[in-house]
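Each of the two complexes below includes subunit A, the first together with subunit B, the second together with subunit C.
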Partner chain A sequence: MSVSGAVLRRTRYNDMTARHKEWVLGYAMLVPAFFFIVGLIAYPAAWAMYLSFTDKVIGQPEKFVGFQNYVWLTQWPNFGGMIWNTLLLAVVGVALKAFVGMTMALALNEQFVGRTVIRALLFLPWTVPAFVAGLIWRWMYDDQNGLFNWALMGMGLIGEPISWLGTTTWAMPAVMSVVIWKGFPFFAIAYLAGMQAIPSEQYEAAEVDGASAWQRFLYITLPGLRHVMLITCMLSLIWTANTFDLVFIMTRGGPSNATEVFTMLIYEQGIRNGRIGEASTAAMMAMPVFAGLIIILTRYLQDKDEERA
Partner chain B sequence: MTTKTMGTTTTRRLMARRTLLKTVGIGLGAISLAPLLSACGMIPGMGGNKLTVWTDATFAPPSDDYQTEEIQKWAKSKNIEVEVTREAGDAVQQKLQAATESKLLPDISQVNDGRYTLFFASGIFSDVSDLYAEFGKAWGGYYKPAELLATKNGKQHMLPYSLDSNLLLYRKDILDAGGIKESPKTWDELFDVAKKLQTPPGVYGVGFQFNKAGTDAEDTFRLMMLSYGGKFVNEDGKMANIKTPEMTAFLTRLKSSWEMGVYPPGVTGWDNAGNNTALQDEKVIFIQNPASPLVWFRTNKPEMLPKIGVAAVPGGPKGQFNTAYIRDGWAIMNTGNQQRMDLSKDLMRHLYSKDVYRKWMELAFPAPAVTGMEDLEIWKDPKRQGFLQAVKTGILSGYPGPPTPAYSELNTRVPLISAAARMAVEGWSVEQALDELAKTVEDVYSKYK
Partner chain C sequence: MQGTLEAPAHSRSLLGSSRGRTKRIVVYATIIFYLFVVLLPLYWMVRSSIAENDQMYGTTIEFFPKKFTLAQFDAAINKWKFGLFLSNSVAVGLVTTILTTVMATLAAYSLVRLRFPGRAALARSVLFVYLIPGGLLFIPLFMIMQRLGLLNSQLALVVSYQTFAIPFCTWMLIGYFKGIPPEMEEAAQIDGASRLQSMFLVLLPMAAPGLVAAAVFTFTLAWNEFLFALVFITSESFRTLPVGLAGLIRGDIYLWGPMMAGSVLAAVPVMVLYTLANRMLVQGLAAGAVKG
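Presenting the complex of A and B:
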């Protein structure tokens, strides 16, 4: 019975037209991607959304609580501060990463001895694991035995140690400096690649017309890089807004709540307190913003594809 | 002819596609079955004959190394493999969270009393009452705090290994030079002496963390709060009235101590290593801590040991308190695999055996959970003896109520450090800090009604 069934199915398949067979194969080839998207992206996202409406605690069954967690989150003592810190880190951090990256790319686009080595070294901060980077920088900023205080006091520039990670004045700039240090190579490499795609004839013509270096940058380089700039900034905005490891290692959101970002709250509630429902809510609150950015980015990239076509 | 050729070609391609699809199918199947296979103990990591032991890294690495060596020695004698992971900070707790949900539990996990209370309701710990009784009998019984903290509903689901307390560690040489003969008995005295004897920026008076990354100070501030008559809970374990004159007095004293300038400016960014480092680097006069700096001095700066004093934590208008808690305890996890649970019990017998337990105790910094080790050489040192005495009489988590999951969660939120940081870093008034403190306690306890 089963043998004749298999024969029947094979006969049916053989009777299909080539187009149908391609159609079947096409869908068959989509199966792994479908499982991947459903299993690793859609299911966890949907589950997290569901959990945000429950009182789920680690190791115990959950109960539906409606919007209770969302109300709870808006009443969190540092809710406004957390949004502000996340925005500050993301917006200022990305702007500075873009600026430093652009400066580096412009320098490395010029001909000089050792350019290849310096280009390779440029990748270094990008390749250092965030955990290691956080620990190294934490030590450098340490008020008791840190490199910066040691150097500044040695040079007689300060009389007593500065608490870099312990004051509201310095903590966020200190964290941001590491975020920038770790992230600018991404911008530099992307911009460098973009610069090399700009036809050199444009620069030559501008020079003949008497354009200054600044004018060439303003009217040729910048417009030529606008697509790369948009994509890098949007991607980096999403990544930086989700920064956790560096903040966790360097300040844990302190001093007081000066560097507390959304991801810290997710960690505190979800991991330290086991309150998965509330942690999921914090994660979900930021999702519309990121989803909006991703939609804009996707549409932009699709428009670019259509332009090319 | 052409059609036939094409047909032949198509058939060959179909075979290749089928092979590809089969491969993909088998691959996906294997991926989806992996957790199941793992749970059944068919692949190594969390199963098979390999035992998994999750432990904490402490401030006394030689004791950690010795323990790991002994576990491996035992494994060799049993001809099995044991994977011991040793991690600092909250890492074990974080892994337990994930393990509890995924049901991929280690065989043994180290637990302190907070972790034990927090996870108890999830049923991940197996009943070890038999081992508890066996070890208790062999070692002449447990100290009362160990017994109270390990026993829930008349049974034990953890094996207490060490008890600890946080005492006042101070620079005796500086106090002597300043003509102060005795360690401060009250908080007022402590801050006054610190102010008088400190010589900033070289040496500051007091090294308590004012930062959420450092949890040591939560214990310090809790003892200070109790000594002023403040409390989070009543004797029945239910939330107490937070906005009381006693709590206001405590926060006022805390805020004024900050305004005296006795803390190094960096305390607002310290983690748990901050106070240890400050004393070890001779940059503060007073810290409150377990005995770990003494162990560090013994190894790294023995000439400093005579200059360090140990005393009870200062008291306030409503009394004086010391704390006691289980620092190291063992839990055999409810994996459902009887063979591995039996092996785990055997490993516990090895760790509680006379030579191994005593040797570990000599290298570690806490006090034992059992009474039969008071003859050890280390307790002849009056400083270490102070810790041994403190754990016998210290108050427990949740005081004046019993240890509860609500209190454990509240403790992980470090509400008193948060209040202190608000006042010190952001300049909040006592009223503002008290208001937020009350909301935090209410937020946690409202979930456990």
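Presenting the complex of A and C:
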């Protein structure tokens, strides 16, 4: 009895020190990564909040101005337009990416000759760097020598070249076409993987019951894909609302602010005009929206992850 | 691993078998349409990179040019400093990748294999931080770089790229390490190996494919990055590819030939790497999303 008691006590003692050792090692291994995460994300975020209440201009000391920047920004003539452009690009862009991705996944889920090769080809836009996609499309949309004007005029559909990126009517659709072209394969990949995880018995049973193809899509495929759809749409919403390189390369926010999105505004104010205070304010006003999206998505992904384990 | 995206041989059809022919026509038409939309811009990039100038500008444009030239590549590399941008991009990408992979490996191991208070919250914060868009951060990062005297140096890029590279790489490795059963490492520890020995000698060799994929993706993230590279670098000699190439867009002179040649050189390595490593990423994503 006394022997086993001593052993028990010893083990417990060893457990305790082993556990504390594990704690120390665990935290120690996180130090390098979290040094950067805190130093380059948490600290700058806090600093940006402070700067948004100052009149900071590059190269000059700042002074506290309260909510002056916030008032200035909301009264800025193009404030509504900028929010509208960002929302339009993000919401319509994501909806179209999801739609196109879904149709492509449905087609790729069928049997046909050369499927593996064709699938790899269809996923290529996802692998193209965004700046390259922006350059290619800007070149195709070029008003003097671009492919689109050349083809449309050659076919006699238009009489004279259209300035796609230079008119307020066409600039946003042109930018959005690139966003969709580059982004939809991500949706297609995810949806295809999701479709193949749906048990085929469900489809067989539905077919026996006489469900039409549309009904099977509506009552089996769509519900089976709801997690994938939610995750891809939210991820893409965050990314698309934050588009910078495509807009910068194709239009720089123009013509007359027709494609001005919030990242362009921050860049123009903060870097071009050196007005750090106002730029930080724009970032701060976008922060709650992104934080909300990210918190929901992170929770959701984490829950899924724990269910899996 | 490889088979997850393949449909099983007895793959059911979503569109029904009764009207097989109509369905097949719709499927083929959809595929052909998407192939056209996807490949047209890529074809136009390649075509423009090897076409002669008189087939690019003016009235003599030909969709399939009859003559090819390497003059655009020559101009991109020798006249427009493409070689310089390329070497800058490679340097920044490699240093970023090495730094990130080391730190992320340590962090992911800790978050997956070790038990300590706050572990779950820290693991969640990794994903949270990865999703914070760079557009919100670049102004204060600019101020930090200025204060540290790093503006206009490649160090500014290596340091700022950690903001997305570390969380991304850690998140990917967490998923990968979780998929490897811990029994082998436990056996090694019973045989007297230390924690770190079991990690370096047992886990990491088994996780090699995941490490390679994480490193590849980290490299491509750095390679493609535009915003920080635009803002933190002001002199041409430190520019990386994305900003260097975009800088060739000039109002009155047409440089689309060299720009498309540069685009080919910038895009092809990344596209090959991505296509090879893509399965890993999709699997991680799909595993979390689909099996819920």
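Please note the rule applied: the second predicted complex is superposed on the first by the 282 of 309 C-alpha atoms of A that agree within 3 Å, B and C clash if a C-alpha of one lies under 4 Å from a C-alpha of the other, contacts with A are read in each partner's own complex, and residues count from 1 in each chain.
Here is the rule we go by: a contact is a pair of C-beta atoms (placed from the backbone, for glycine too) under 8 Å apart; a residue touches a chain by one contact, two chains touch by 3 or more.
Worth saying up front: this structure is predicted, and the values here are computed from it rather than measured.
Novice: Using the overlay on subunit A, decide if subunit B and subunit C clash or can fit next to each other.
Specialist: clash
Novice: Please name the chain, subunit B or subunit C, that touches the greater number of residues in subunit A.
Specialist: When the residues of subunit A touched by each partner are counted, C comes out ahead.
Novice: Contacts for A:Ala279 in the overlay, against subunit B (first) and subunit C (second): which applies, first, second, both or neither?
Specialist: second
Novice: Mind working out whether A:Ile271 is in touch with subunit B, subunit C, both or neither, as first, second, both or neither?
Specialist: A:Ile271 contacts both subunit B and subunit C.
Novice: Touching A:Leu25, do we find subunit B (first), subunit C (second), both, or neither?
Specialist: both
Novice: Of the two partner chains, subunit B (first) and subunit C (second), which one does A:Gly156 touch, if any: first, second, both, or neither?
Specialist: A:Gly156 sits against neither subunit B nor subunit C.
Novice: Counting only touches as set out at the top, which of subunit B and subunit C does A:Gly210 meet: first, second, both, neither?
Specialist: Once the two structures are laid over each other on A, A:Gly210 reaches no partner at all.
Novice: A:Pro288 contacts which: subunit B (first), subunit C (second), both, neither?
Specialist: Neither: A:Pro288 stays clear of subunit B and subunit C.
Novice: Of the two partner chains, subunit B (first) and subunit C (second), which one does A:Met104 touch, if any: first, second, both, or neither?
Specialist: second
Novice: May I ask you to decide whether A:Leu147 touches subunit B, subunit C, both, or neither, giving the answer as first, second, both or neither?
Specialist: A:Leu147 contacts subunit C only, not subunit B.
Novice: In the superposed arrangement, what residues of subunit A touch both subunit B and subunit C?
Specialist: The overlap between the subunit B and subunit C interfaces on subunit A comprises residues 25, 32, 58, 142, 144-145, 270-271, 276.
Novice: In the complex formed with subunit A, which residues of subunit B make contact?
Specialist: Checking each residue of subunit B against subunit A gives 10, 14, 17, 21, 24, 28, 90, 93-94, 97, 100-101, 118-119, 121-124, 200-201, 210-213, 264-271, 274, 277-278, 281, 283, 409, 412-413, 418, 421-422, 424-426, 436, 439-440, 443, 447.
Novice: With touch defined as at the start, can you tell me which subunit C residues reach subunit A in the complex?
Specialist: Touching subunit A from subunit C are residues 4-8, 10-16, 23-24, 27-28, 30-31, 34-35, 37-42, 44-45, 48, 56-58, 61, 102-104, 106-107, 109-111, 114-117, 119, 122-129, 131-144, 146, 159-160, 162-163, 166-167, 170, 178, 195, 220, 223-224, 226-227, 230-231, 242, 245-246, 249, 254, 256, 259-260, 263, 266-267, 270-271, 274-275, 278, 282-283, 285-292.
Novice: Can you name the residues of subunit A that touch subunit B in the complex?
Specialist: 13, 18, 21, 25, 28, 31-32, 35, 55, 58-60, 72, 77, 142-145, 159-168, 171, 251-256, 258, 268, 270-276
Novice: Of all residues in subunit A, which touch subunit C in the complex?
Specialist: So the residues of subunit A in touch with subunit C come to 19, 22-23, 25-27, 29-30, 32-34, 36-37, 40-41, 43-45, 47-48, 51, 58, 100, 103-104, 106-112, 116, 118-140, 142, 144-145, 147, 150, 181, 185, 189-190, 192-197, 200, 203-204, 207, 212-213, 216-217, 221, 227-228, 231-232, 235, 238-239, 241-242, 244-245, 248-249, 262-263, 266-267, 270-271, 276, 279-280, 283, 286-287, 290, 293-295, 297-299, 301-302, 304-305, 307-309.
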